[in-house]
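In what comes next, chain A is part of two complexes: it sits with chain B in the first one and with chain C in the second one.
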Partner chain A sequence: MVASIPSTGAVAATTWVTSFLQQLPAPSGEMEAVQWRGREALSRQPLPSRRQEDWRFTDLAPLTALAPAFEQTTSPLPSSWPEPAADVLRLRLDAPGDPLTGQSLPAGLSLLSSEEVQQALGHTLATCNCEQHWPVELNQATATRVLALRVSGAVATTLELVSEATGDGVLRPVRVLLLLEEKASLDVLQVQLGAGASLSSLVLEAHLGRESQLRHGLLALGEGPACLLAHLAVEQEPRSRLESVWASHGWALSRFEPRVVQVDGEATTNLKALQLADGQQLVDTHSRVEFRGPEGQLDQLHKAIADDRGRSVFNGAVKVPRAAQRTKAAQLSRNLLLSSQARIDTKPELEIVADDVRCAHGATVSRLQTDELFYLQSRGLSAAVAAGLLKRGFCEEVLRTLPGAAVAWSPLQRLLGEG
Partner chain B sequence: MSSSTSVDDLVSQPYKYGFVTDIETDKIDKGLSEDVVRLISSKNHEPQFLLDFRLRAYEQWLRMEEPDWASIGYPAIDYQDIIYYAAPRQQEKKASLDEVDPKLLETFDKLGIPLSEQKRLSNVAVDAVFDSVSIATTYREKLAEHGVIFCSISEAVKDHPELIERYLGTVVPCNDNFFAALNSAVFSDGSFVFIPKGVECPMELSTYFRINSGDTGQFERTLIVAEEGASVSYLEGCTAPMFDTNQLHAAVVELVALDDATIKYSTVQNWYAGDENGVGGIYNFVTKRGQCRGDRSHISWTQVETGSAITWKYPSCVLQGAHSVGEFYSVALTNNCQQADTGTKMVHVGPNTRSTIVSKGISAGRSSNSYRGLVQIGPKAQGARNYSQCDSMLIGDQAGANTYPYIRSQQPEANVEHEASTCRISADQLFYLQSRGIGFEEAVSMMVSGFCRDVFNQLPMEFAAEADKLLALKLEGSVG
Partner chain C sequence: MAPFFVLSLVPSAVIRPDADTLLEIVDLQARVEDKPILKGVNLTIKAGEIHAVMGRNGSGKSTLSKVLAGHPAYTVTGGSVRYRGADLLDLEPEQRARLGLFLGFQYPVEIPGVSNLEFLRVSTNARRLEKGEEELDTFAFEDLVRERLEVVQMDPAFLDRSVNEGFSGGEKKRNEILQMALLDPVVAILDETDSGLDIDALRIVAGGVNHLASPENATLLITHYQRLLDVITPDYVHVMAGGRILRTGGKELALELEDRGYDWVDQELAVLEVA
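Coming up: the complex of A and B.
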């Protein structure tokens, strides 16, 4: 056998990662050990290739098109950020200093000690079997800080975590760790903004104790060549409840990977997502929910709109092993394909080895329904207004479930590019 | 569960087709090489173009890797430990069936496929394939009156080389995939059907495949061509004896439908599935594809998969012609240690093409049953429509049911809908039936039958009842 010669694309990807790693500043601070590990891992597995089933539809070209030299500089304080409401605590995660400087944490929220961080960091990633996943390693290799919080009791204040990567060559790793104690509850809204040839990398780990509740929203708004890799790993103990809502638009490349494990079943997971792809954008969601115990519930709705030459990918895995009797899982993927050059790839993936379960999934791909358009037009609306109204309705179903603090960011207007 | 003991006590029906016919066979040595490919070709007295086709395929196969993406697991296959050609020793194919070795006739009789004149199935023409060669084809004269060609592919190569050269490998190219390449290199026999323009085939056509030798691989090749406005319904059946080794079955089926043609292809697959511990059984790695080349053409696949230790099979339709229609109806039943990774591909190329997928998977025992499907809407397929439904039924808590439906769309003026569900035979449904005086096994069998009704309705009538019985038989003793 002749040794296989890597294609030119593979060579370019390897060089990209090598030069990327070379220009990173030496690891330091509380995350030093993690950074070393991440860099070592990246040097071993340069980039996922499209020959891997998980990355089959994800062309990383927009990522490697970015110059591999990044800096973790702060973006100037943007004027476009709305004022946070009174019951919202906004933490800026893109500034070099401690995001908590000058802020006091509301009742129920406290910082984890560095020993606790050491113990807990990466635990949920390992449970979700994704600690060696490429986008996670990229985050580990670069993040210098982690926002690690313990949640005890019901927190009335919404935590708003904002991070912006504006400008060419900006690298923005964000790492968050949340430990929800028994019966705790918290609303978190993450806002990720990106513009210019920048790269944002987001990893959120959350451990939900018994009967705790986490309401999580991610509003990801990009522009131009900006890329985003976002990873959510959640471990749920019995009778806990997770609601996670993602909405994104505008990134040249964005990949979202929510992974949820119900460690002993009996928990409730609600996942909702809305992704918009136009221009030449590629937006990709790979979700995975695993039930390791009985009587778990999942309700997942994934919506996508692909217009222009945009491409939307959805892969939704649901694993129901033998221990997960009486699981109820429903997954629906609804896609609007609005242009003849756009593409939709959707692939639900159900693996079931338990007989007493109710699992259903569905997928649809179509353009806007002609009879609905006709109905609106017959009421005197122009075709364009009618189409806009239907599109808004399609998006609203997901957007209205974002944590309340999202309203200030006017997600619908931003996503649909409306004034 | 209260009923489990009584069910476990029920003796599960043994595989009744597991006998071996003791007949002298002409086999070549084990192993695969270019010489073997040439030898198979020369045994069939093939023209040069076919030998070239085989050699090209063999060369491609050497460079390919065995696919590993399916949800199936099996020990590595030693391709040098397989006999690639085995034929029952008899003289030239007989003009009359009376001259065929009575042992062979008896074998097919035992399988319920009578070939002799007086016992023939009414209105079904049968081509019987034993190991690597076709033994007999019935009703040939009657079919010839209508211009229909129905014969073994080796005869077609001799009698109609121009048709073979024109169509062979045009739907499944010789380098399509690992197993198709292997088949293209070493295929021995199979059926050839040609329905000329405007002819509606006067009877059902059927091929019956029988593997007899223990160390032989079966590599049959089927080619069905329906010219403009023609229509045909074809049924395939298969069995094999029980051996405690695994046998490889890597077939290729190609269907070509020109303008307004209709091909209905039904399979009742009952290869030996191995014993309850997963020892022995057939590896069924099959490539089936139909091409709706003409406008308004129609290809329909119906399959009832109950046998084989492992099934790896995705009957597909390439919908090229405008307004062409592809259909896939499948029941896949796995029990004990069987593994099935099956589904379909509907590739919409032409405008206003339509496809329907109905897949029913039933997993029992420790088996694993996956539906893997692709619906692809190309950029020129305006007005295309697809509807897919795949339901799984789980029996027992050790069986696995996986669903992997891919949808890829590049055409906004197309509608794709997919829905899937998983259920089990619920205790209250069983209780209801039992309270009406219906026995436990019968109740289960009724429910399974109801679950599969959409698919059975698509089978030719003679076989629908058989499929129903087959399923009941396969499930015996598995419910508890």
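Coming up: the complex of A and C.
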């Protein structure tokens, strides 16, 4: 009998995780217990392997190419941050200390007490069955604090949560918990910036009470070898409304995991995403929406552009069990493939048991349309300008639905690298 | 059976003998994939003229317009096209447009996410630069476009929408004529501009075309129906069949087609193909 020899990749992955854990500072502070649990979980569970269905297309080589020794140092305040508008409260989540120092929360927002945090933290992750997910455990193992807010009533101020990981060896875990009470509403824009051999890890949990509304945007802009793992877990009570819009470009590796559970159905979920991959970037979205009661609605649009040797992955799971009668769900994946060496993998994964539902899905992968290019050229635009305009148009459909505060960040220009 | 009319490949009379020749098409042949569509088109257009090309579906009318505008799906296999003295077929589609050749599309393309106003500004500036005029900034362009909107009686709200997205058939055609009004073409080819229009929209669109016609430019209308020619009076009417212009005449030829249909054209074509 020949003993099985682990592949070089598996050894490297285990070594990377071990080294990563060894160099972390000892757990401390309000998240000490969570950190211990996360580290213990990571030590038992090495990096996900491509043998796992959920990670089949996601090569983690850009992550393990980063030296596993990180520090949670602060990036200097970059000049490229725009001034926030008057109706925007910007909280910087990458600085040491309390992000609320010197800030006062607007009416309708309040901090959760330590007891409330202890009680609520991880609840939504558990509801969404993702508390043991690797990117979540990585965040739990490293995040030293959590921004935990209660939302009561309609909050007129947009909450802007900005975090930047600039420089080699920077680790940036961000953890946010939002509890929206009945009929509460809030706009949140998350901006995550990364450059150098850095690793950013985001976990946002949100509980949406009855008839509450959360409008959430994530603008994720990376450069060079920077990697990002982002996880959004939302549980929705009846008649609540979630709008979540994600846009990303520039990360060597980025993985987005929106997980939504409509606990008793009868809620509305709108998910939109735009992901761009060029160079040798890999961008991966694995979304999952689950209806646990009747009359829920989902409208999901996922768009991707892959150029050069870039690779885009989308897996959109929608679960409609027997209890979720009269669910209406629509999922559309639209992709532009701009180079012969780029690659797009897109897969709807609809699991429908209920019989009285309307669920539609579609996926297209195409190059720029000849007729659209010709139309623009016939009006005097060069082929390059016409292609650029079509790309911008493709992106705009998603970007214009980001919370209004995103405009200050010039998302289109930044995403397309136009300065 | 003898043909009803004597075959004529040249205009019966030259209306503006001294006007500049803008477009000269000689024995133009073209195919799409492996299928020959144009089989020797001859047509000369002078400044100040309005020409109408009529014919059945599949006669090659739309192909002619697309070949002239440079659509990449069509391959020219023979003949020549001179545009104001230059070899048109040597030019990229955008160069043709900048030099003043305009194609009004039968089916204007919807481009989600691209602002109609921005698209109109970029295309207008491309043409202005070619004419040696200054580019217009956003404010100057908005003034110009609002003035030109009146030509087609178009709601300014359409400027803020994506190019043709969600426009009705009539709105798309008005948007085409608005583009024509902004681009100030030398030769405008309007491919089935009347299709899908009710009579009021047709009058507005035709009014725009008439408004823009001048002694310095020319218009080539491609149409199925006489009704467009009730509101735009052509100097020449050409009947196209089998990828060729079979007959050329004045406005009365269109009336004759309306009256007698296209059967006689088929018979002439059959005679020609046997010959």
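Methods note: the second predicted complex is superposed on the first by the 416 of 419 C-alpha atoms of A that agree within 3 Å, B and C clash if a C-alpha of one lies under 4 Å from a C-alpha of the other, contacts with A are read in each partner's own complex, and residues count from 1 in each chain.
In the analysis below, a contact is a pair of C-beta atoms (placed from the backbone, for glycine too) under 8 Å apart; a residue touches a chain by one contact, two chains touch by 3 or more.
The model shown is predicted, which means the values in this text are computed figures rather than measured ones.
Peer 1: Using the overlay on chain A, decide if chain B and chain C clash or can fit next to each other.
Peer 2: fit
Peer 1: Contact-wise, after the overlay, does A:338 reach chain B, chain C, both or neither (first, second, both, neither)?
Peer 2: After superposition on chain A, A:338 lies in contact with chain B alone.
Peer 1: Of chain B and chain C, which one touches more residues of chain A?
Peer 2: B
Peer 1: Between chain B (first) and chain C (second), which, if any, makes contact with A:117: first, second, both or neither?
Peer 2: After superposition on chain A, A:117 lies in contact with neither partner.
Peer 1: Let me test your reading of the model: by the given contact rule, A:367 touches which partner, first (chain B), second (chain C), both or neither?
Peer 2: In the superposed model, A:367 contacts chain B only, not chain C.
Peer 1: Does the superposition put A:325 against chain B (first), chain C (second), both, or neither?
Peer 2: first
Peer 1: Looking at A:416 after the superposition, I want to know if it touches chain B, chain C, both of them or none. Which is it: first, second, both, neither?
Peer 2: Neither: A:416 stays clear of chain B and chain C.
Peer 1: With the two complexes superposed on chain A, say which partner A:407 touches: chain B (first), chain C (second), both, or neither.
Peer 2: A:407 sits against neither chain B nor chain C.
Peer 1: If we overlay the two complexes on their shared chain A, which of chain B and chain C does A:95 touch? Say first, second, both or neither.
Peer 2: Neither partner.
Peer 1: Just to confirm the value: shortest Cα separation between chain B and chain C in the superposed three-chain model, in whole Å.
Peer 2: Value for chain B versus chain C, nearest C-alpha atoms: 13 Å.
Peer 1: For chain A, give the residues common to its interface with chain B and its interface with chain C.
Peer 2: The overlap between the chain B and chain C interfaces on chain A is empty, containing no residue.
Peer 1: What residues of chain C sit close enough to touch chain A in their complex?
Peer 2: Counting only chain C, the residues touching chain A are 69-73, 92-94, 96-98, 102-103, 105, 108-109, 111-114, 119, 122-123, 126-127, 130, 162, 179, 183.
Peer 1: What residues on chain A touch chain B, complex-wise?
Peer 2: Interface residues on chain A, with respect to chain B: 53, 322, 325, 335, 337-367.
Peer 1: Mind listing the chain A positions that touch chain C in their complex?
Peer 2: Answer in residue numbers: 369-372, 374-383, 385-386, 389-390, 392-397.
Peer 1: Which residues of chain B touch chain A once you look at their complex with the stated criterion?
Peer 2: Going through chain B, the ones touching chain A are 69, 71, 377, 379, 392, 394-424.
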